[in-house]
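In the two complexes that follow, chain A is the common piece, with chain B as its partner first and chain C second.
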Partner chain A sequence: MRKSRLLHFLVFMLPALALVFVFVIYPSARTIILSFFDEEGHFTLQNYKKVLSSRDTINIDGIARGEFPLGTLLHNAIWIAIHLPFTTFLGLILAVLLRRTRGGNVLKSFIFFGMVMPMIVGGVMINFLFDANVGIVNALLKFFGVHPRTWTAHPETALFSLILGSVWLWTGFGMTLYSAGLETIPKDFYEAASLDGAGPITQFFKITIPLLKPITVVVMTMTLLWDLKIFDIVYVATQGGPGGASNVLAIQMYNYAFVEFDYGKAAVVAVLLTIFTMIAAIPLIRTVGEES
Partner chain B sequence: MRKFALLIAMISVVVLAKLVVIGPWSGAEQEKFMPVLKAFEEKYGIKVEYRAYRSEDLSKILPAQLNAKRAPGDVIFMWAWFIQDQAKKGNVVDLTGIINEEDYVPGALDAVKVGNKIYGIAYTGKVKPGFWYRKSFFEKHGLKVPRTWYEFKALLENIKHIPGIKAPIASGDGVGWPLSDVTEHFLITFGGPYVQKDLIEGNLKWESNTVRYAMGKLVELLKKGYFGEPTEWTMALKQWWNGDYALYFMGSWITGMVDDPKDLGVFTLPGAKGVVFGIDYAFIPKYSKHIEEAKKLIKFLATEGQIIQVKQGGHMATYKNVSLNDYPPVDREVAKLLRGMKALPDLDDSVGGIFQKTFWDQLKLLWVDPDRLDEVLKVLDEKMEE
Partner chain C sequence: MKRFWVNLIGWTLGLIWLVPFMGIFMTAIRPMDELLNGWWNFDEFHPTLKNFYQAWNHPTAPLSQGIPNSLIVAIFATAFPILFATMAGYYLARYTFPLKKSFMTTIIITLALPSQMVAIPIYEMLLKMNLLDSYIGLILLHTAWGIPWITFFMRNFFTTLPIEVEEAARIDGAGDIKIFFKIAFPLSLPAIGSAAALQFTWVWSSFFFELITIYSPDKFLATQRIPLMRGVYHVDWGILSAAAIMVMMVPIGVYLILQKYYVKGMIGWSMK
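And now, the complex of A and B:
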């Protein structure tokens, strides 16, 4: 009987396990091993030393002067610090405001377009948005007397322009998840709160936000992962420039691998990204565990 | 049955003997290349398919394919440093004996040789002669071609005050090569033609006084706002043609990209003794399935093909047997401008790799923040060492 169960287990699990091994476990292990070896195949920590001491990763001069580039590690951190709260908060607010608004679903669809769009196209659109000649951002700023400029071409504004562009592209994700989450909150809670004299703001903070906590964890974790692996829109819009002012870890990894053909250094960045991603994924795994 | 199998085999050979050429030209440039391939098809009865890939993109995917002993094309146009690098790895077909080195501009094949063996052909090249202007624009505003550096600066100041002008010189952008072209012109003019070669070979530091002096001249103009903000280069071309800018530094291919090439004029920076002659190189990957046919094509491209190509405009031959009469009038003007000038290789195309990408990126920074010249030169030295 036990043998039969084991056989069934293997029959059903083996294809999936084989795929996981071939496409996840083996490449991950190979990348980690690669990061510790030089081109001649000798064990070394030089790859880590080179990457972590590189101006591309942490630019001490730039940090001291307060000028971009600051290094990819800090650029990714800035990306997370701005993009994560913005998209989460905007997603929640839009979901709540558009829930009962007439035509709200149509508006939600428009906002969700950013998510549906391939990020390569998103990068091109960000370029146009912030362009001095044809950009809508400059057209709006002209009303306030701001001289038109290509915001992605200047080191002090390039990264922030990309982050704002990605807020526009990613907000639809949070909004959609929150919209679904709002439908799961029983109306009775709000009715009871109204009877007790609670206003909309109190209801929002005392009912909506606490009950949407699992959704918030998912939105924040997924956004964090997206921020860590951000590549396409940066590559298309600025290629990490000017002068590395908008460079991020994923672009750095790509350059090491496919411009320098230094796979050891590329593997180091990949390992770093994996570590950061795993740290970011822990809250999500815990929440899923608690719920189950 | 045997006859049928033989027939199938023959059909297969004919079908399979379709050569794939990969080149960097698309749009108007591609249209001017297609007559060359058509002429080859008619002469040899071998079908050719053309695929456009930017060299920047190809450089990222091709090494992996060649390492896996696969070839995406039978004849591939690529940077010289890349061909040389792959030849050293044994991934390129030896073309020694296919073409005669003496039939080409001196030194044209040096960049694709390993020892005495030739691994690539020198096709036509593009000269990057200087600043292009519209003759009608200069006539309308009473502007004259400068003969000295001071006249050049006075010209820029005059242009700056013309109503409707965004900036005197358009700055082409994209991946970054238009900025590197104009920078190289300043280096050659104010550092001398040998600066270019010394920088390529790593014999001169970017932080040296020679380079700093030449770059200082460029920075002087940047600080005065004579250069426009970097704009995608084809968009900048349209803006320049429409009168938003008066001057545009670009290669000779510009003659094939404007509505009226007769209205074009060009001048070098006063005092320039050399210009970049960027040659297009091609090679046959060792893993091509039709090496013999590909050799026929590559020989055709290197010889007769060049005559057809220069007739289309915008290209300069490296093959000495191309007559001056084969060139359109506007290209003859460029040829005249080059008299007495030293032809030099393109700096970033010759060095390649991470330096090329960094060079383009750092120049984008310099263009919008010229005060950071020291930092730019320092980074370039670091990347050159790598």
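And now, the complex of A and C:
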């Protein structure tokens, strides 16, 4: 009996375990170690000092003058501060509205395309929307007398253009999850509320939002992780430029590692990024812990 | 009256998503000189497939190579993790063993892990194993990174699957491995469909691992060719739009064909 139990464990789990260990867990541990050693192999905290005091990460001058670049840490924070509430709220509003809109399912599909397409293509779409010549954004702004420009190419607007574009790309995620959630709310709830004289706005805040709270937690967690890991869009649309004005942590790590070949500094950025994603994942870890 | 307003607001918001897609489509099917005043200008309209042809046969980054390359990688990097993770998910749902709880936590942690965390050691490791610039290395990498979430997803599916059929088979003398392949695996095909639809589109769309492991221009995946097509000084929006459409059509096609599975997967992936 003992023997067959071990055999089952090996047959079912070993391929998965071995691959995850070799390609996920071991390299992650290696990166942590790398971050604490210099090129000669001596233990050091210099890498952390260098990264945390670097203008790439936090640019004090830029912050003082209120000019981009502000540093990757702040850029990611701004990204989250705008993208997270916008996509979550828009997702909910669209899910509620399009359920009752004629042709709403077609619109939902198009909104969802934004997150089904490769994010490399998503970055091209952002360039396309904000381009000085072919961009529809400029065509619209012309009505208001704004001179056309390539919004992603100017330091003061590059990051905001990318963030707005990423709202466009990602809203479908929350919308889809909320749409599924709305189906699970019994109609009686709304009917009962109507009989009690509650209007649609009251119903939305008193029934819809509280009942969708578990979904909101998931949408916000996943969106937060997406914002922290953002790479492809920035890489293709601005390369983090101009002059680092739209740089983010993941791009910073790539540049340190594969452009400057400074593995110590790159490992530090990777570790920092991982710490942030782990904090963001706490609600997920908690639900699984409770369950098992 | 209320209905009218809901429709109006719904479609006005929806247009924000429709118009860019229309824009990229119009840009792809029209010759360059018609786009000078914007793709929304229809004074002249001569649709053509020339841009698609040029993107397909691009001199430095042809999609005629990139799309088959991506297909090969995505097919293998979907099949392998599905097989291994379905087995692991089944085991986690049906058996208890020491450290099971910390095991589940590890899975969730790897779900949140950014690819950058493994980039340097993976690069060095593949270099040593002679698997850099090779699809084998890339497929192994995607397989390993697909396993945690598919395992989690399949475990959740198997915990909802009634155990009675399997127990009946056991009484009839079937071994655990046989029970898995003959009973549990076929029953889990709908869940596998969901996981496969997501994993396939994610591998197809992936860019970072490709960027750090694949170097030869003829081996470049479809996503790697898009930035190359842009050119440095001058952007040919016609060709770029056509290429963007071709590369996004594959995951969008998978989504449209497997819509039900895809959305179920998306929900199951993010909510247990």
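Note that in this section the second predicted complex is superposed on the first by the 270 of 292 C-alpha atoms of A that agree within 3 Å, B and C clash if a C-alpha of one lies under 4 Å from a C-alpha of the other, contacts with A are read in each partner's own complex, and residues count from 1 in each chain.
One rule holds for everything that comes next: a residue touches a chain if its C-beta (ideal position, glycine included) is under 8 Å from a C-beta of that chain, and two chains touch if they have at least 3 such contacts.
Only a predicted model underlies this, so the values are computations on that prediction, with no experimental measurement involved.
State whether A:209 touches chain B only (first), chain C only (second), both chains, or neither.
neither
Does chain B (first) or chain C (second) touch A:192, or do both, or does neither?
neither
Does chain B (first) or chain C (second) touch A:258, or do both, or does neither?
both
With both structures superposed, pick whichever of chain B and chain C touches the larger number of chain A residues.
C
Quick check on the superposed pair: does A:61 touch chain B, chain C, both, or neither? Answer first, second, both or neither.
first
Based on the superposed arrangement, let me know which partner A:149 touches: chain B (first), chain C (second), both, or neither?
first
Which holds for A:266: it touches chain B only (first), chain C only (second), both, or neither?
Touch partner of A:266: chain C, not chain B.
Once the two structures are fitted together, what part of chain A is touched by chain B and by chain C alike?
Touching chain B in the first complex and chain C in the second, residues 133, 258 of chain A appear in both lists.
Inside the complex, what are the residues of chain A that reach chain B?
That would be residues 55, 61, 132-133, 149-150, 153-155, 239-245, 255, 258-261 of chain A.
Can you name the residues of chain B that touch chain A in the complex?
Within the complex, chain B contacts chain A at residues 59-60, 63, 173, 175-176, 229-231, 235, 239, 353-354, 357, 360-362, 364-369, 372, 375-376, 379, 382, 386.
Using the touch definition from the top, list the residues of chain C that touch chain A in their complex.
Its residues touching chain A are 3, 6-7, 9-11, 13-14, 16-21, 23-24, 27, 35-36, 38-40, 84-85, 87-88, 90-91, 95, 97, 100-101, 104-123, 125, 140-141, 143-145, 147-148, 151, 176-177, 180, 201, 204-208, 211-212, 222-223, 226-227, 230, 235, 237, 240-241, 244, 247-248, 251-252, 255-256, 262-263, 266-267, 270-272.
Which residues of chain A touch chain C in their complex?
Per the stated touch rule, the residues are 4, 8-9, 11-13, 15-17, 19-20, 22-28, 30-31, 34, 93-94, 97-98, 100-104, 107, 109-114, 116-121, 124-125, 127-129, 131, 133-134, 136, 139, 168, 173, 176-177, 180, 214-215, 218-219, 222, 225, 228-229, 231-232, 235-236, 249-250, 253-254, 257-258, 263, 266-267, 269-271, 273-274, 277-278, 280-281, 284-285, 287-289, 291-292.
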